[in-house]
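The structures come next, written out as structure tokens.
Look at the two complexes coming up: subunit A is in both, with subunit B in one and subunit C in the other.
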Partner chain A sequence: MRAQITIGLVCAAVALVAPFTASEFWVFVFIEMLAFALYAVSFNLLLGYGGMLAFGHAVFFGVGAYAVAILMKKAGLDALCAILLAPLISAVAGAIIGYFCNRLSGIYLGMLTFAFQMLAYTVVLKSYSFTGGDDGLSGLKITGFAASPRGFYLVTLVVVAVALLLLWRLVHSPFGLALRAQRGNPNRSVALGINVSLHRWMTFVIAALFAGLAGGLFALANQSVFPGWLNWNATATPIVMAILGGMNSFFGPIIGSIIYVLMQTWLTGLTEYWALFLGTTIILIVMLLPNGVMSLWQGRKP
Partner chain B sequence: MNHPKSEAVLRVVEVNKRFGGLRASNNISLDVMQGEFHAIIGPNGAGKSTFFNLISGFLKPDSGRIFMAGEDITGRPPYRLFHAGLSRTFQITSIFAELDVLENLQIALLSYHRRLFDGFRTARHMELAECERLLDLVGLYVESGRQAGTLSHGDQKKLELAVALAGKPRLLLLDEPTAGMAANERLEAIKTVHRIAKQLGVTVVFTEHDMQVVFSVADRISVLHQGTIIADDIPEAIRNSPKVQQIYLGETDEADAL
Partner chain C sequence: MAFFSTFDWIGDPVVVLRQFMAGLANGMLLFLVAAGLSLIFGISRVVNFAHGSIFMLGAYVAFTIVNLAGQSLLAFFLALVVSTSFTFLFGVVFEILFLRRIYRSPQALQLLVTFGLVLILGDAVRLIWGPEENSIVVPPNLDGVVHPFGVSFPVYRFALIAAGIAICIGLWSLLYRSRWGTLVRAATVDREMLQALGVDVRRLLTTVFGLGAGLAGLAGGLAAPIMSIGPGMHSQVLVDAFVIVVIGGMGSLPGALIGALVVGQANAFGTLAFPSFAIVIPFLVMTVLLIFRPRGLLGKPE
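The block that comes next holds the complex of A and B.
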């Protein structure tokens, strides 16, 4: 616990100072880290806390991103309205998918969430007039304070920090306790009056809400959206981040997202085979540190 | 039965459950009165576990009705039965092994007070006094921060009992409360449960293999055989029943105990 707070404070200090000493390229990298950190923590709500290997989290990230783009380009809303509405739309997607998935577990849950994701990907790819198909949508204009890269970084930092704080409260609340309880022993949970499927469903909605927020921020940062964000490799991203950092702690996926984005940024500059190095790193971490990088700080799960 | 019907905490009326060709519960009817310590005995495969799962909502009966304190609870899911005042333990001790002792109790208490949808306040500081009271009640003196899965088998049973009592049940179902214990520990364990149940006025239905344990505490005994209740009476009458002795004849040890 103390280790987690120390790490949190160090990250906060770096996050406040770093972008003002770095180039605009690195400011964008920091924004990407923040959005992915939120994406990974929202995913870990399902995997780490709820024990649900949902293999389709990119749907929620993608729906959030496309919601922002479509609201701005087709409905003519400004960026602020779009980013406020996007998580809600993503939460609706979470409610629909969660409705069908909350009673499943293990590989069945994985396959059904995967199927929903491929469905969403195909719909986005084929609805050319609405989503731009292969080309995606671009030219998302932000005005005002957040128009500059550093301004947008600060807005993202505040939004992600508040979102992570809410998620931190959630996992330590009675709701989070019940979520961890049903992961290990669903029968005992049901016998103790917990409506396990409702709890799992609500977790889907909450995870979708925050993944949608992350996707929306990422869309604004890129000023565009692409169908690849809903593809299966976009689903693998938060899984890799959670495994890298450690899915048994709150901060694990955040550390994982930082490592992931840093590796991607550095290695793509050096070699086109960056994924090879990333893969090797994952194998090494899984073998040497089964609970991720966070296990260097802590002995036991929180 | 000489009790007025209104006092029945549990009332089972002509309940049937089939698994394919197997009639696991065959027209079972049973009344359990307020405050009773009621044993369900029967050879392996008699249908005790099925009967328990029917009462506690883990299985739905094919036909028949189940009432708790006059209320029809047939087919209600287990999580709703908990809130209606029914708690149970499992044959294989069922606790939250990954969580610590305190959290195990907190979940039960928070669920009882319907606070599990609170997603904002810190759970760590909730229900502490009540947790301590429950630990005292079952005589579980361990660090409350200890991971529940690391407790000894006996202590895990005590924790499960405390967790089951956290819901202030009217009816407590104990599925083999002494399973996995050494012979000399069983009697002491069931007497502890008996004392607590009488102290709290909880009605208990339990299954048990050890006849010495059954006859030392049960107010009333029902004998299940091939899915049917063949006898339901006070211990003395069960002990002397030729029908019951006949069923246990094959199982020499248990017949001797009778």
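The block that comes next holds the complex of A and C.
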């Protein structure tokens, strides 16, 4: 617990100071870290806290991103309205997918969420007039304070911090405890009067909401969206981040997302074959540090 | 964009028959990949994400051998033998070095290791064979066209179907008529009990993974003359194999056969009926099936 607070404080300090000392390229990298941190924590709600290996979490990230892009480009809304609406649209997607998935377990749950993601991917790819197909949508202009990279960084920082605070409160609330209880023993939880499938369903909705927010922020940071964000490769991103950092703690996925973004930024700049090194790192981490980087500090499971 | 193409072809038996045979040949290839995936899952509960990549490796090895040994039927058979044995050995080594150590870890970790292998193999083939798309021609004696009932079929399509049936029978007799197969089926039911009876389950797991990888490699070799051999060829095969295994039931070999035939036909006729949304049709079948029968057609409840 103390280690978690220390890490949290260090991260907060770096997050406040860094963008004003770094170049614009690094400001963008920091924005990416923030969006991915929220993405990873929202995913860990399902995997770490709920024990659900949702294999298509990218669908919610993608729906949030495309919602922002379509609302801005096709409906003519401004960035603020779009980013407020996008998580709600993603939450609706979470409600639909969660409705079908909350009674499944193990690998079948993973497969069904994966199927929904591939469906979304294909629809996005083929609905050319609406989503831009292969090319995606670009030219998402932000006006006002957030138009400059540092301004947008500060907005993202505040939004992500508030979202993470809400998620922190959620996992430490009775709801979060019930969620962890059904992960450990669903039958006993039912006997104790917990509506297990309702809790799992709600978790889908909440995780989708925050993943959609992360996707929307990421779309605004890039000023564009691409179908690759929904592709089957993208499905592994939140899993890698959660496990890299450690899925047994709240802060693990945040650390994981920072490492993941740093590694990707560094490797893509260094070599064309960055996937080779990323794959090797993933395998090494799983073999050597199965509980993630956070286990170096913790030494025990919460 | 035409959402529906015309349905004129329904009344045209020549088109229907040709499409049916194409679907059958495609289904037989997919069965080889899916059978390995299903066998591995049945015995070790590992979902091998890298199965499509091993298929790709098989195709590349076949490409190299054919280029070295020349354009003859014998060279092609040699290529098949080499790609099968190479991927078999590759699977054995990968299982011993990595997977063997994490069978007791959470499913997400096993998934991540195989995903790491996907990234590594994707870049490895680019490093070794270059980023361009390669192809080999259909081997002589199999490159003709036959005209039964006045409909022209490529001979190689018949060869694929025949090879698929032969391998299917071979696999069936291996699993149901040999001591090794009996042990594999026993391990699928209760690994601990089998271990307690004095069977070396570790070695059994290794050989099953090797067999699955070898089947995927063989499929890659067989597909090499009719597919474009490039670094991206693994994803469609993997996705199809996932769908097949889920439709048929994870761990069930007859299920994989049924699933492969269904997906083969869905691909073939989907292309005719909904040209731009053909890729979604197998997913729709899978999604509907998972909602009403989560364990697949012939799978056992988890």
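The criterion applied here is as follows: the second predicted complex is superposed on the first by the 302 of 302 C-alpha atoms of A that agree within 3 Å, B and C clash if a C-alpha of one lies under 4 Å from a C-alpha of the other, contacts with A are read in each partner's own complex, and residues count from 1 in each chain.
Note that a residue touches a chain if its C-beta (ideal position, glycine included) is under 8 Å from a C-beta of that chain, and two chains touch if they have at least 3 such contacts.
What you see is a predicted model; the values in this text were computed from it and never measured.
Colleague: After lining both complexes up on subunit A, report clash or fit for subunit B versus subunit C.
Modeller: fit
Colleague: Classify the contacts of A:W232 with the two partner chains as first (subunit B alone), second (subunit C alone), both, or neither.
Modeller: Touch status of A:W232: second partner only.
Colleague: Look at A:R188 in the shared chain and tell me whether it touches subunit B only, subunit C only, both, or neither; answer first, second, both or neither.
Modeller: After superposition on chain A, A:R188 lies in contact with subunit B alone.
Colleague: Report for A:L177: first if it touches subunit B alone, second if subunit C alone, otherwise both or neither.
Modeller: first
Colleague: Look at A:A275 in the shared chain and tell me whether it touches subunit B only, subunit C only, both, or neither; answer first, second, both or neither.
Modeller: second
Colleague: Per the overlay, which chain contacts more subunit A residues, subunit B or subunit C?
Modeller: C
Colleague: On the chain A superposition, what angle, as a multiple of 10 degrees, is formed at subunit A by the C-alpha centres of subunit B and subunit C?
Modeller: 80
Colleague: Which holds for A:K74: it touches subunit B only (first), subunit C only (second), both, or neither?
Modeller: neither
Colleague: Applying the touch criterion given at the start, work out whether A:K141 contacts subunit B, subunit C, both or neither, answering first, second, both or neither.
Modeller: A:K141: touches no partner chain.
Colleague: When the two structures are overlaid on chain A, which partner does A:R169 contact: first (subunit B), second (subunit C), both, or neither?
Modeller: first
Colleague: Please provide the least distance in Å between a C-alpha atom of subunit B and a C-alpha atom of subunit C in the combined superposition.
Modeller: Comparing every C-alpha of subunit B with every C-alpha of subunit C, the smallest gap is 15 Å.
Colleague: Could you give the residue numbers on subunit A that contact subunit B in one complex and subunit C in the other?
Modeller: none
Colleague: Give every residue of subunit C touching subunit A within the complex, in rising order.
Modeller: Touch residues, subunit C against subunit A: 1, 41, 45, 47, 98, 101-102, 105, 107-109, 111-113, 115-120, 122-124, 126-127, 235, 238-239, 242-243, 246, 250, 276-277, 279-280, 283-284, 286-287, 290-291, 294-295, 302.
Colleague: Could you please specify the touching residues of subunit B with respect to subunit A in the complex?
Modeller: Of all residues in subunit B, those touching subunit A are 56, 58, 77-80, 82-83, 87-88, 90, 94-99, 103, 106-108, 110-112, 115-124, 126, 163, 166-167.
Colleague: Please name which positions on subunit A make contact with subunit C in the complex.
Modeller: Touch residues, subunit A against subunit C: 47, 53, 100, 103-108, 110-112, 114-116, 118-119, 122-123, 126, 128-129, 232-233, 236, 239-240, 242-243, 247, 273, 275-276, 278-283, 286-287, 290.
Colleague: What residues on subunit A touch subunit B, complex-wise?
Modeller: Within the complex, subunit A touches subunit B at residues 166, 169-170, 172-178, 180-181, 183-185, 187-196, 199, 202, 206, 301.
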